[in-house]
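Structures given as structure tokens follow.
Paired with chain B in one complex and with chain C in the other, chain A is shared by the two complexes that follow.
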Partner chain A sequence: MRVPILRQAKYLIASIQSALSDHELLQLRDDLMEQTGRYRARGVVVDVTALDVMDSFAARTLRSIGHLLNLRGADTVIVGIQPDVAISMVQLGLTLEGVPTALDLEEGLAYLDAQMG
Partner chain B sequence: MSAQPNPHDPGRDADQTTALLRELVAHLRENRNQLREEWVRRIIDGKLLTGMTREEINAETTSIYDNYVEVLATGSVEALETYARNLSERIIPRGVETSEVVGMVLLLRDVLARSLFWKYQNDFELLNKVLDAYEPAANRIAVTVASSFVHERERTIRLQQEAIRELSTPVLQVRERLVILPIIGVLDSQRSRQLTEQLLRGIRATRAKVVVIDITGVPSVDSTAANHIVQTVEASRLMGATVIVTGLSSEVAQTLVTVGVELGKINALGDLQSGMEEAERLLGYRVTLDRSET
Partner chain C sequence: MEPEARVPIKSDSDIVLARAQGRLLADELGFPSTDATVVATAISEVARNIVQYAHHGEIMFGKAHRQGRSGLVIIAKDEGPGIENIGLVMEPGYSTANSLGLGLPGAKRLMDEFEIASQPGQGTTITMTKWAP
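Presenting the complex of A and B:
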């Protein structure tokens, strides 16, 4: 299943609804890269609220999505990491360095607004 | 084809055991009052159940006796198990010890065995058979009661431990979007894990953006505990909250530097007050002193 990407003013919102295969994650990365360019998005929110597990590939991919989109001119924020997921990610050393995080979608959009000034 | 009955036919043995148990149960029901009184007398002589009044002992022994005979009659220990748990729940708060409960059940077993010796004293072979039927059932009852008691006690202890642990890591909201987590006492690995979990739940529940962890009350920190603190900080960041650690004593700071914990990611401040001020600054609060009040 392709992850739906919504356009909201100058931001893109990708809301992951279920656990993704490695292929689907790469698809999400490519879709976001492409749409960021096409819609000239200034910010991207990736919402992972629905995920109750995150493996190392997913964490690495999310991190690289953050860095790649920064290079394309869009601030990227990961939102909605669940407490248990956060604990296991830290234990595995997957801490998404360099990528901002926020509690939920609302916080993520507020963060992007603050970045835009 | 042999028509000779096999003396070791297990089916026949079982039938015989059942018949003997039935006879046994009838005997125990018939002499209920006398045997129970004998039992109570021996409990009191043995100075067991001293925390209970005479009336309570009477009431409980009657129920136990009836349950006991019931188990011998039906062979099912479930009802007794439930009763033993309820009994334990009632008597544990009164300081009744495991040895007293086990002693009491063993006394009943002895009293009943004695009465069987008396009843079958003239027929040694029959007595042997009756005891063969009685002993396994009686031992099973003793084990059931003892294990129910211990089980109930362990459950109580577990609940209390849980309660203590819950109390030991309060996540307090002091302002909108700001929580503090004062830690007092030793940080072992189980407590650290629980602390992390409670903090993350607290962050989600209060929608906190800044967390101040105050470890003034932590006497010493080893490398495991320090790593746990670092992990808590990182996990909180994944939830979108910034963590400020305050109250690192000079000993703790020295230990951390000596064991080489990676502290670059930790935002540390001297005391809780400066931590709160920094948190307020991050959140955009401005606290001013109202001169007209003084």
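Presenting the complex of A and C:
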């Protein structure tokens, strides 16, 4: 299933709805790259609230989404990492290496607003 | 161990099925949700290892009981190329697939017991167990 990407003013909001396969995660990366250019987005929120597992592949892909979109001129923030998922990530030694995170969509949008000044 | 369930692993979408199956059994065994998530994450890593290196294999799930504690046993089996140097693949950061190399050492860190049996050309079998607290 393709992750829906909503447009809100100068932001894109990708809202993951269920567990994703590797291909679906890579599709999300490609869709965000394309739409960031097409809509001249300045900020992107990736909402992972519905992800019940964050393994090394998912973390790596989210990290590359953040870094790639940054190179395209859009700030990216990952929101909604669940407590159990956070604990597993720490045990596994996964980090998002500098890609900002926020509690939820609301905080993510507030973060982007603050970045825009 | 008599498997309670088996999930064939042939593509990356099977990884999602395997971890859902693991979570189901973890719930049945009364694991707290954090442990169920930890187990599902470890399953994801060993299942991806099958997809990446062996292309197909199988994950079997079973229950174990020891000294009044319940455990979830996961066996990931493939008939792929096998592992030449197990010590090397268990070093965090080692990877031949240009990934982070966190996969197998990561799964080991997440589980209570973790064993790899492998020989070049003979496939790989990983047996790992998580005990309920």
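Assume the second predicted complex is superposed on the first by the 117 of 117 C-alpha atoms of A that agree within 3 Å, B and C clash if a C-alpha of one lies under 4 Å from a C-alpha of the other, contacts with A are read in each partner's own complex, and residues count from 1 in each chain.
FYI, a residue touches a chain if its C-beta (ideal position, glycine included) is under 8 Å from a C-beta of that chain, and two chains touch if they have at least 3 such contacts.
Here the structure is a predicted model, which means the values were calculated and not measured.
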item: Which superposed partner A:Ile81 touches (first chain B, second chain C, both, neither); value: first
item: Contacts of A:Gln91 with chain B and chain C, given as first, second, both or neither; value: both
item: Touching partner for A:Leu20 - first (chain B), second (chain C), both, neither; value: second
item: Touched partner set for A:Glu107, first chain B, second chain C, both or neither; value: first
item: Touched partner set for A:Asp30, first chain B, second chain C, both or neither; value: neither
item: Intersection of the chain A residues that touch chain B with those that touch chain C; value: 83-85, 87, 91
item: Residue ranges of chain A in contact with chain C within the complex; value: 19-23, 52-57, 60, 83-85, 87-88, 91-94
item: Partner chain A, residues of chain C touching it in the complex; value: 12-13, 15-16, 19-20, 23, 33-34, 36-38, 40-41, 44-45, 48, 92, 99-100, 102-103, 106, 109-110
item: List of chain A residues in touch with chain B within their complex; value: 78-79, 81, 83-87, 89-91, 95-96, 101-104, 107-108
item: Chain B residues within the chain A interface of the complex; value: 193, 196-197, 200-201, 203-204, 207, 209, 231, 234-241
